[in-house]
Amino acid sequence: MRGSLTFDIAHLLAGSLVLVSFMQLYQDRLYALLNIYALHALVLAASVAWQAFVQDAPHLYLTAVIALVFKAIVIPMALHRIIVRLGIHREIETVVGVGPAMLLGMGLVALSMVVMLRVTAEADPLAREDLAFALSVVLLGLLMMVTRRNAVSQVVGFMSLENGLVLAATGAKGMPLVVEISVAFSVLIAFIVIGIFLFRIRERFDTVDVQALDRFRGERR
Amino acid sequence: MILARDLIFQGVQMLLVLALSPLLTGFVRKVKARLLRRQGPPLVQPYRDLVRLMRKDVVLAQSASWLFRVIPYIVFAGTWVAASLVPTFRGGLLFSWSADLIAIIALLGSARFFLALAGLDVGTSFGGIGSSREVMIASLAEPAMLMIVFTLALIAGSTQLSTMAGYMASGAEGLRVSLGLAVIALIMVAIAENARIPIDNPATHLELTMVHEAMVLEYSGRHLALIDLSSELKLLLYVSMIACLFTPWGIAAPEADAQALVVGVVSYLAKLAAGGVLLAVFETAIAKMRVFRVPAFLGAALMLSLLATLLLFVSGSL
Amino acid sequence: MTVDALTGVLLIPAAAACLLAALPGYRLTARLNVVAAFMTLLTAVSLFIVEPRSGAYLLVDDLNKVFIVLTTFVGFTTSVFSASYIGHEIEIGRLTPTFVRFYHAMYQALMFAMNLALVANNIGLMWVAIEMATLTTVLMVGIYRTHEALEAAWKYFILGSVGIALALFGTILVYMAARPVVGEGLYAMVWTVLITRAAEFDPALLNVAFVFLLLGYGTKVGLAPLHAWLPDAHAEGPTPISAVLSGLLLNVALYALLRFKMLLALNPAAIAPGPLMVTMGLISCLFAAFMLYRRRDIKRMFAYSSIEHMGIIVFAFGMGGALANFAGLLHMTMHSLTKSAIFFAVGHIAQVKGTQKIADMGGLTVTNPLLGWGLVLGVVAIAGLPPLGIFMSEFLVVSSTFARQPWLAVILVSGILVALGGLFLRLNTIAFGEPRGPTRQSDASYVPMFVHFAIVFAAGIYMPPALVLGFENVAKLLG
Amino acid sequence: MTAYVLYGVAALFALAPTAIALAASRAASGIVYGACLVVTAALTVLAVMSLIGEPSNPAVVLPLGLPWLGAHFRIDALSAFFLIVVNLGGAAASLFALGYGRHEETPHRVLPFYPAYLAAMNLVVLSDDAFSFLVAWEFMSLTSWALVVAHHRDGDNMRAGYVYLLMASFGTLALLLGFGLMAGPDGHYAFDAIRAAHPTAGLAALVLILAVVGAGSKAGVVPLHAWLPLAHPAAPSHVSALMSGVMTKVAVYGFTRIVFDLLGPPDWWWSMVVLALGGVTAAMGVLYALMQHDLKRLLAYHTVENIGIIFIGLGLALAFKAHGMAFAAALALTAGLFHVFNHSIFKSLLFFGAGAVLNATGERDMEHLGGLIHRMPQTAFVFLVGCVAISALPPLNGFVSEWLTFQAILLSPQLPSWGLKFLVPAVGALLALSAALAAACFVKAFGMSFLGRPRTPVAANAQETDGSSLAAMYFLAALCLVAGVLPGLFIDALAPVSRALVTTAMPHQTGIEWLTIVPIAESRSSYNGLLVFVFVTLSGSIAAFAIHRLASDRLRRGPAWDCGYPDPSPATQYTASSFAQPIRRVYGTTIFQAREIGEMPPPGATTPARLTVELRDLIWDALYAPLAAFVGFATERLNILQFLTIRRYLTLVFGALVLLLLVLAI
């Protein structure tokens, strides 16, 4: 590991990723949310690229590109179109208000810090910090999923969670299969998006609001 | 030789109780009548009744079964055997060990069991009343009796009637609270068992009050005679049981000579007479109680006897 | 790498999947499906004869041998069952040939994925395989494309994906823990390496990792409160898939969990994985037991019973110790066989009655004696009554626990009892009483079902020493 | 010896599939029951041989069951005795079923399970390790459950089966815990190992409780009896006989095996538990029975009562054993075990009788019976014998065992511990009470169903039952008499058992002159059933002879007298409930909260006056209803979790994750 600059930059990027997750939490418009997500993916791409540079692991660049192209551009546009096609109403319905959600998020970040900083210093600090941030991104993504009612925002939540994963994976120095994993995840996300769009849900529900999806709950009461 | 002698005495005993029991009943009736300033039937009246009944035809209800005809003999036999095992004027009966006190009680129990069945056999309402009340009374009287047996057995260290009598006669046991409780309870039970006032009135045929009489309502002729005889035997049995347990004086020892035997017989007759008089006085003194007061009466007996036993259990270790 | 039995169990299903995807006509494809499954089974069995050496990616040891053989066996019997089942589905037009083609391809793909997960020596590979298994099952659950089916699939998909994500995070953490010790690169993910060096890993990292893995793979195992996908997926998918889900996929996820449990157990400084597993096991067992009572859909009911038994199994492994581990393995095997057999029966019943609603079926022992008594036998077995195998395992679990942790055993026992009550409450109306619903005979073959029952019965009475030896080795392995 | 017995059991097991194969053919029931009869008879002989010949049978270990343990089977004195009970009952039931089974409408639901059931009961008694024991035990419950729900179209039977299976599994699980405790964490399940291990006082106490709960729930100890009166009557009558007469005894065996044999030296307070339970069970059982008017249910409740009596005997034995009074312990134990034998005999007999009545009339309700003694005199006779025997009346066997129990109670003042000093007399009173009430109850049972006038047409045209059924009943009746008049033989046969369990036995009886039995000492107490029997019969016949010879033997038939107004309608007879009314007034008002609601129409109204009686089963209300309510409530609440939205489920996952992370962080 070369000097502290690299460390600072990686730190900065990872931190900003957390920040962007927070920004996602207080969006109340779907389009805005999508844009923020694009930003999220962008930051991720940057940090992945930086990791690729730091660890001079060329294959990570591929991951970065995937993140950039697929997550920052394709997916948001697809979702954008879906929103238009399915005529989903544009504002996000939250379960808990933005304020509490933010507070919860703070708590989660603190939690992940506490958990991760217990890790002994032998594991190099870069990985340690990265993991702490990644964990908080993951948790924030989950938080997003459970505090939003619209399917789209939940999908976004899931995707940011997954960004956290990729962050962790790339942060893990020399971890094999990172590319495969990121590809696999992109497939997963693609499935979700396609699921929303093609999985015949359109035929049966006039909105992808998950609650409507659940209006029929398996076994009738 | 000894065996032969004992056998003879056993036989004598059996015939004696059979012979004396109607007399006792007659005696009680006579005394009662006198207490009521009536002339009353002669002492031998019960014998006459029995003979007359024996001679009469049996009129059997159409719905009566074979069991109905067998039962009188079973009841009679059971009671007779029981009665003949209670020491009367001479202890150490040959077959006394063949059934201890518990078994004697149980024998009477089986007699009652069959009598209750007889009440149900013809399928009349009165028979039903009789049996159901009889078993209700029995369900309280028998436990009480068993508790009394426990008490006495614990004192005498035996359930063998002759042994108990011998122990009592030896006077090794002074007066004990539980003994007193037991005797009271035993008298109460005996009254109930023999269907005497205040539990039941052998003289009545008033539908709502009768118990024993209602059961045997359908019997006639020799059957009725046997039933009556066995109830008279039962009375005798209880009187002589109480006598030999609580007033064991004068009972001749097995190897006693003729004089002792005479003493024994005389004292026995005296005891019977005393018992009869007491019974008559008691019966004339009080009135019959409602059927559903009976449980309270017998419950009291049960409690007394249980108390007696408990006292023994507790004090036995002191 | 060379083609040996190890790669065989992967290649055969993979090839079959591609082939079946191409071929038309369900009769042919169904047969091919059976053949492929059978060949896989044979190869799996051959693992016992010649043990191929494990490489950096694939591994075979006593632990996964058991799992592989079980998986391939149930996979085979289920394929036999599914042949007749699918035939009927096509007759009544519930499935179109194109979908059947897709179905069979997916079936083999699922087999492939599960085998891969079992033989993977690389935790990353294992993760990928399990994700793949999940996706294939999602597609199959939704195959009827009815309202309920799609919803179940969707639920399964979303929850499954989250689970996958958590599992991945755990995997990454394990790598991070391993890296400083083992060194960068592939070997920090190779199981056989990890297990040897586990003691030196960073405990804190391992702890966090295990939490994520427990929740991630626990979702697949169907532990409460992560179980939500399971009942609906079982209820709405085609019955063969329900059988495979209950009988196999849960086991595969459990297998992953066990691997990591072993890893953690080897590290003295890390938290003991036992208590966590015991707690979740107990919660699942009790919860599922109570959930059995108000079920109206027969398949959903047995899905909950699967949750209950997974709870018991996880509990047993959580307790640890030779006896409990043995019991857990035995219970898992018996449960797979029994539950899949039950689903075979349920599948035929649902086809006979034309519904899955318990209220519309009754008096089966009168109208369809074989099916009815088969179901009774299955419920008796799954309720843990002798002389069938599950009784033995439950006996071992409970008795071995009670001597160590009385209260846990009492809770477990009450769970078992409550479950028994729930199961028989429904069984009474399904199998006995006045017949209800259509009573035509089903022409399906009951062979797979009764084969399973025969095995379970035999195991309950007599266990071949070889099997016992194998199980005992594995139990020792699990510590 | 053990091996031969196992062959027999295997043969029984083999019969089950045979029965399935045969189920179609009409000869099936004949073949199966015939085979069962042969096998069980053979097993009885073997068992008697191994009991008389002071069994020193080594354990047979088969490579079955738990792999590293194997299935241990062994016959010692105790198991030999219970083998006799099981197979004697089994043989009688099979003989009875040879005739009775022909009327079965769905034989294929009975035949396969019947031999398996017999085999299972045999195995319980044979098995010598915890696992085989529990397998056999639960398999016994399972097969009997299948037999209970044989007539599954009747909803009540299904309900009974359900309750039965739940309670049975509950008991098995309790025993399982108990054995787990005795076997220790590394599982020494063989009985020898368990004997060798000496549990601490606390553990032993816990095991005792578990044994009482586990075996007691099977035996029908109050308050765990609830299933028994439901399940026993629901089964076909020969199976009811087995369940009531034999299976409950197998439960007693389980209790005896654990408490007297495996658990080591008892603590004095153990006997308090057992005695109290026994007393309550005896009294409650008979009181419940008195309130019934379903014949088979009444019999089932009497099983509860007799189990109570048996447990009193065992409890006394425990007390004496704990205080090292070996002879007294032997007496009490012998009394209890002898009652086990007796009850198995006459309860089977009574259930057979009930079955014959059920066959002849299709009725179990005594209110619809009556007058059967005219139509089926032989059944009536044997049933009467059974009634006398179970009412503990001399000279039959029921009396002897209760007499022995009383003798044991009379020894108990020497017990040092104060608790027992107060408890034992109370228990004795309860025992006496239950004996008296039992007599009352069987006056009712016999009187209502066999005596009086037929209350329904079916009762009026009943037909005498078939030969083999009668043969079975006569056989058992004869046994009742033999065991009553020659108890010495049986007491001596029990000697090895008591020697094995309480180190000594009662004095040798058969040597005593006149075949009297003398439990302790000649001077103390003795009883001679034979002599009593002879006396009674002699004096009875003498009287009969004399009267018929000397006085009249004429006999006329006429209408019933009935105080001058006999009513032709049989409805005017006493009914079962009216017969029980006085006793209900005495005991029921408190125990059953009995309330009589009489509605008397106003004068002139044509509506009938009716009297309805309400009884509440307090035990059920206090114990079982709350449990059911709780399960209902819990399911209701938890069921919500089936209907959440995906987001809520995710919230659960999220919550779990955060929780676990917090656990780590703290």
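Going by the order they are written in, the chains are A, B, C and D; count residues from 1 in each one.
The rule we apply is simple: a contact is a pair of C-beta atoms (placed from the backbone, for glycine too) under 8 Å apart; a residue touches a chain by one contact, two chains touch by 3 or more.
Everything numeric in this text was worked out from a predicted model, so none of it was measured.
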For this session: Could you tell me which pair, B-D or A-D, is linked by more C-beta pairs in contact?
Result: B-D
For this session: Mind checking the centre-to-centre distance between chain A and chain D? Centres are C-alpha means, answer in whole Å.
Result: 69
Problem set entry | For chain B paired with chain D, centre-to-centre distance based on mean C-alpha positions, whole Å | 35
Exercise. In whole angstrom, what separates the CA-based centres of chain A and chain C?
Worked result: 31
Problem set entry | Approximate Å spacing (C-alpha centroids) for the pair chain B, chain C | 78
Exercise. Of all the residues in chain C, which ones touch at least 2 other chains?
Worked result: 154-155, 158, 162, 208, 231
Problem set entry | Two or more partner chains touched - positions in chain D | 642, 644, 646, 650, 653, 657, 661, 664
For this session: Give me the residues of chain B that touch two or more other chains.
Result: none
Exercise. Hey, which chains are touching each other here?
Worked result: A-C, A-D, B-D, C-D
Problem set entry | Interfacial residue positions of chain B with respect to chain D in the complex | 14, 51, 54-67, 69, 73-74, 76-78, 80-81, 95, 97-100, 102-103, 106-107, 109-110, 112-113, 116-117, 119-129, 131-133, 135-136, 138-143, 146-147, 150, 153-154, 157-160, 163, 205, 207, 217-218, 220-222, 225-226, 291-292, 295, 302, 306, 309-310, 312-314, 316-317
Problem set entry | Footprint of chain A on chain C - complex, ascending | 122, 124-125, 127-128, 131, 135, 142, 145, 147-148, 150-155, 157-158, 161-162, 164-165, 168-169, 172-173, 175-177, 179-180, 184-186, 188-189, 202, 204-205, 208, 231-232, 235-236, 295-297, 300
Problem set entry | Residues of chain D defined as touching chain C within the complex | 63-68, 130-131, 134-136, 138-139, 142, 149, 152-153, 155, 158, 161-162, 165-166, 169-170, 173, 176-177, 179-181, 183-187, 189, 631-632, 634-636, 638-639, 641-642, 644, 646, 649-650, 652-653, 655-657, 660-661, 664
Exercise. Tell me, which parts of chain C touch chain D in their complex?
Worked result: 154-155, 158-159, 162-163, 166, 207-208, 211-212, 214-215, 219, 225-226, 228-229, 231, 271, 276, 287, 290-291, 293-294, 321, 323, 365, 380, 383, 385-387, 391-392, 395-396, 398-404, 406, 409-410, 413, 416-418, 420-421, 424-425, 428, 432-434, 460-463, 465, 468
For this session: In the complex, go through chain A and note every residue touching chain C.
Result: 115-116, 118-120, 122-124, 127, 131, 134-135, 138, 142, 145, 154, 158, 161-162, 164-165, 168-169, 172-177, 180-181, 184-185, 188, 191-192, 195, 199-201, 204, 213-214, 216, 218-219
